[in-house]
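Order of writing sets the labels: A, B, C and D. Residues in every chain begin at 1.
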Amino acid sequence: MEWIYFVTCIGILVTMVLAVVRGLVGPSIFDRVLAVNMFGTKTVLFLAVVSFLSGRPDFLDLALAYALINFIGVFAVLLFFQSREVRRAAEAENEARR
Amino acid sequence: MDLLLDIIASVCLIAGAFLVFVGGFGVMRMPDFYTRMHAASLTDTGGAALILIGLMLQGGLTLAPVKLIAIFLFLFLTSPTASYALANAALLSGLKPVCRNETGSALPTGQVVATGSPDAAKPAGKPAAKKTAPKKTARKKTDAKKAVKKKAAKKPAGKSARKSS
Amino acid sequence: MEILGLYNYVVFAVLLMVGLYCILARTNIVKSIIGLSIFQSAVFLLYISMDKVDGGTAPIIQPGAPADTIYANPLPQVLILTAIVVGISTTALALAVAVRIKEAYGTIEEDKIQEMDREL
Amino acid sequence: MTIVFSLFLLSMLVLVAVAVLRTDNLFTAVMLSGVFSLIMAANFFVLDAADVALTEAVIGAGISTVLFLGALALTSEQDRSPPVGSWVPLLTSSALGGVIIYAVMQAPRLGDPNAIVHMHVAPWYLEKTPELIDVPNVVTAVLASFRGYDTLGEVFVVFIACIGVMSLLGRVRPRRETISEETFSKQSRNLRHHLIPRVVGKMLIPFIVLFGLYVQFHGDFGPGGGFQAGALVAAGIILYALLEGDTRARQLVPEWFSSVLVALGAFTYASVGVACMVMGGRFLDYSVLDPHDAIHGQHLGILLVEAGVGMTVAGVMITIFHAFARRGIR
């Protein structure tokens, strides 16, 4: 059974590498956010499988914490983009005033 | 019995790892952001489900399967929500999907739908089109396919209208 | 195999270099803060690499575990656990300073701030 | 096995760090540093540091990104550093890197059981914890009891950092960056009109807080403790603030409450130490807390101290987030 876990881990790790490459290449910033989000999901799976591989399933707490926390960042990004236009307008106003 | 359980779990784990990998491959190879997101989100939930089910079968009668079920539920709730939020942010900030028409040439259809140019709109509206956009008569399309796309485009349009009011 | 056993430490050195270069070469204050947090993470990596023992497991003693179970070293973990939380607080403090600089000068580029200071 | 995983994770770490260095867009840099901390946490877990991995997970994935984005919203998104003209930074950092690489070549390889680190006090901690404190999680035992003095110091550092942020981003209204009323009214400060995130997010908040409490009180038996729990609870509140707007979040957790929480936590920690002195022991020597049973006294002391840590960390994170968020509104 051990080597099945190991193969699964390697599969997830390779996917993580692909996600990182997408995050580095871009091209748009949303691709990067997508890569971060996907990477988070993969980390949850990786932690879950590794905790079985190392024979300590009680460490699933970590994966659980990730699954709960991971998407807060995406909401922060959404809010950030929402206020972006207003910020730009404010910056332009300030530039004009100077 | 144990052997059977092991085999089922192994199949689930390997299939899950394969699906996850396919998702990663899709994210690498797909042409634009929205298709990449499609690849990521679909195989994400599918692959995650298979891997977590495989682990559950191996967990036995301990607390571990309960935690795995919790992870499963949370991933199923959060992953699509995050995808929605992301797609919404992308549409709001004006990232257009790349669309192809029948001849195969790339056409920025998303732009046509999003701006709702009056020449494209025809007065005879199908009921389906009416349902999706009851307020905005200028945006009616006879093409049902476009009406579906409009659903996606409608949300941010309505939102920006509310935001500016 | 021997060199792979040192890979963690080499990566630690590379991350230190990247962090330091980011702090020194970039004039943008927020970028410098990000470089600082990379530097910090490199140190965390060094400490946690030290705690690993071959064939060991995390230092949480299971009730039914055999007596000869090997556990990882708990001491670096304690140090880094607190350091991470302290790190985020100090990063927040640095970011707060950056925000105040932006409000006062209208920019967070060190070279422009220095120019403005010279003009005064 | 560990080596294979480390190979993947550490190579990704270097890749991401270099990308963070090279990019001009600060938003990209923040996103990539989110990936960086995720890789770091996975790596910690592979290296058998479950508690640290949990901390890095909660702090790095949940709170750090939100704080950085908040700061970016207040400063600027673009790094306008001029191209590096001099060789000094490159030379300095290469020199440092060279020296360190030369030094670590003498270091014991990863996982060497005969390394000097494992010879000194660590075996003593592992051996004596079941006997003296009787807590399964040795990390918690060392953190709260053996090295309680150290942790007290760290809690006060966090406390002081919070005071610093509050005094920097306090009530003073900034002068130059004022925006007109019209632009101001357009600014959306929450995600209330997004139905799906709002419903799902609000559904998850109780679970996050509940899980935080679990981590707090299960910290003796599994990975967890006050630091992680405080950050988790704060992450729940921050999620609420993102969804419903900062104003509403401040109605939920008033500012005086989070400030009191910060002070009360540090006070609890220190007063447990003083109580130990009053009962005839030394500072933070919990054994005297129960005159009949030294181990029970230790348990009581650890429980109280961890509660104090949790309160302080949760309060500090919430306060810092509010400080940044409110600055964005004005």
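Everything that follows uses one rule, which is that a residue touches a chain if its C-beta (ideal position, glycine included) is under 8 Å from a C-beta of that chain, and two chains touch if they have at least 3 such contacts.
Computed from a prediction, not measured in an experiment: that's the story for all the values here.
Engineer: Return the chain pair with more inter-chain C-beta contacts, choosing between A-D and C-D.
Structural biologist: Contact tally favours C-D.
Engineer: For subunit A and subunit D, let me know how many angstrom lie between their CA-based centres, rounded off.
Structural biologist: Distance between chain centres, rounded to whole Å: 18 Å.
Engineer: In whole angstrom, how far does the Cα centroid of subunit C sit from the Cα centroid of subunit D?
Structural biologist: 12
Engineer: Please compute the C-alpha centroid of subunit A, do the same for subunit C, then give the distance between them in whole Å.
Structural biologist: Those two chain centres are 19 Å apart.
Engineer: Between subunit B and subunit D, what is the gap in Å from one C-alpha centre to the other?
Structural biologist: Each chain's C-alpha centroid was found; their separation is 33 Å.
Engineer: By residue number and range, which residues of subunit D touch two or more other chains?
Structural biologist: 48, 50, 70, 72, 176-177, 186, 188, 194, 197, 201, 204, 207, 222-223
Engineer: Mind pulling the residue numbers of subunit B that touch at least two other chains?
Structural biologist: Residue numbers touching two or more other chains: 74, 78, 81, 85, 88.
Engineer: Could you list which residues of subunit C touch at least two other chains?
Structural biologist: 57-58, 60, 62, 106
Engineer: Among the chains present, which pairs are found to touch?
Structural biologist: A-B, A-C, A-D, B-D, C-D
Engineer: Quick check on the complex: what are the subunit C residues that touch subunit D?
Structural biologist: By the definition above, subunit C touches subunit D via 2, 4-22, 24-31, 34-35, 37-38, 41, 44-45, 48-54, 56-63, 70-78, 80-86, 88-93, 95-100, 102-104, 106-109, 111.
Engineer: Show me the residue ranges of subunit D that touch subunit B in the complex, using the header's touch definition.
Structural biologist: So the residues of subunit D in touch with subunit B come to 186, 188, 193-194, 196-197, 200-201, 203-204, 207.
Engineer: Touching residues of subunit C toward subunit A in the complex: what are they?
Structural biologist: Interface residues on the subunit C side: 57-58, 60, 62, 106.
Engineer: Mind listing the subunit A positions that touch subunit B in their complex?
Structural biologist: So the residues of subunit A touching subunit B come out as 1, 4-5, 7-8, 10-12, 14-16, 18-19, 21-22, 28, 30-31, 33-35, 37-38, 41-42, 44-45, 48-49, 52, 57-58, 60-61, 63-64, 67-68, 70-71, 74-75, 77-78, 81-82, 84.
Engineer: Taking the complex as given, what residues does subunit A use to touch subunit D?
Structural biologist: For subunit A paired with subunit D, touching residues are 6, 9-10, 13, 16-17, 20, 23-24, 26, 29, 32-33, 35-36, 39-40, 43, 46-47, 50-51, 53-54, 56, 58-59, 61-62, 64-66, 68-70, 72-73, 75-80, 82-83, 86-87, 89-90, 93-94.
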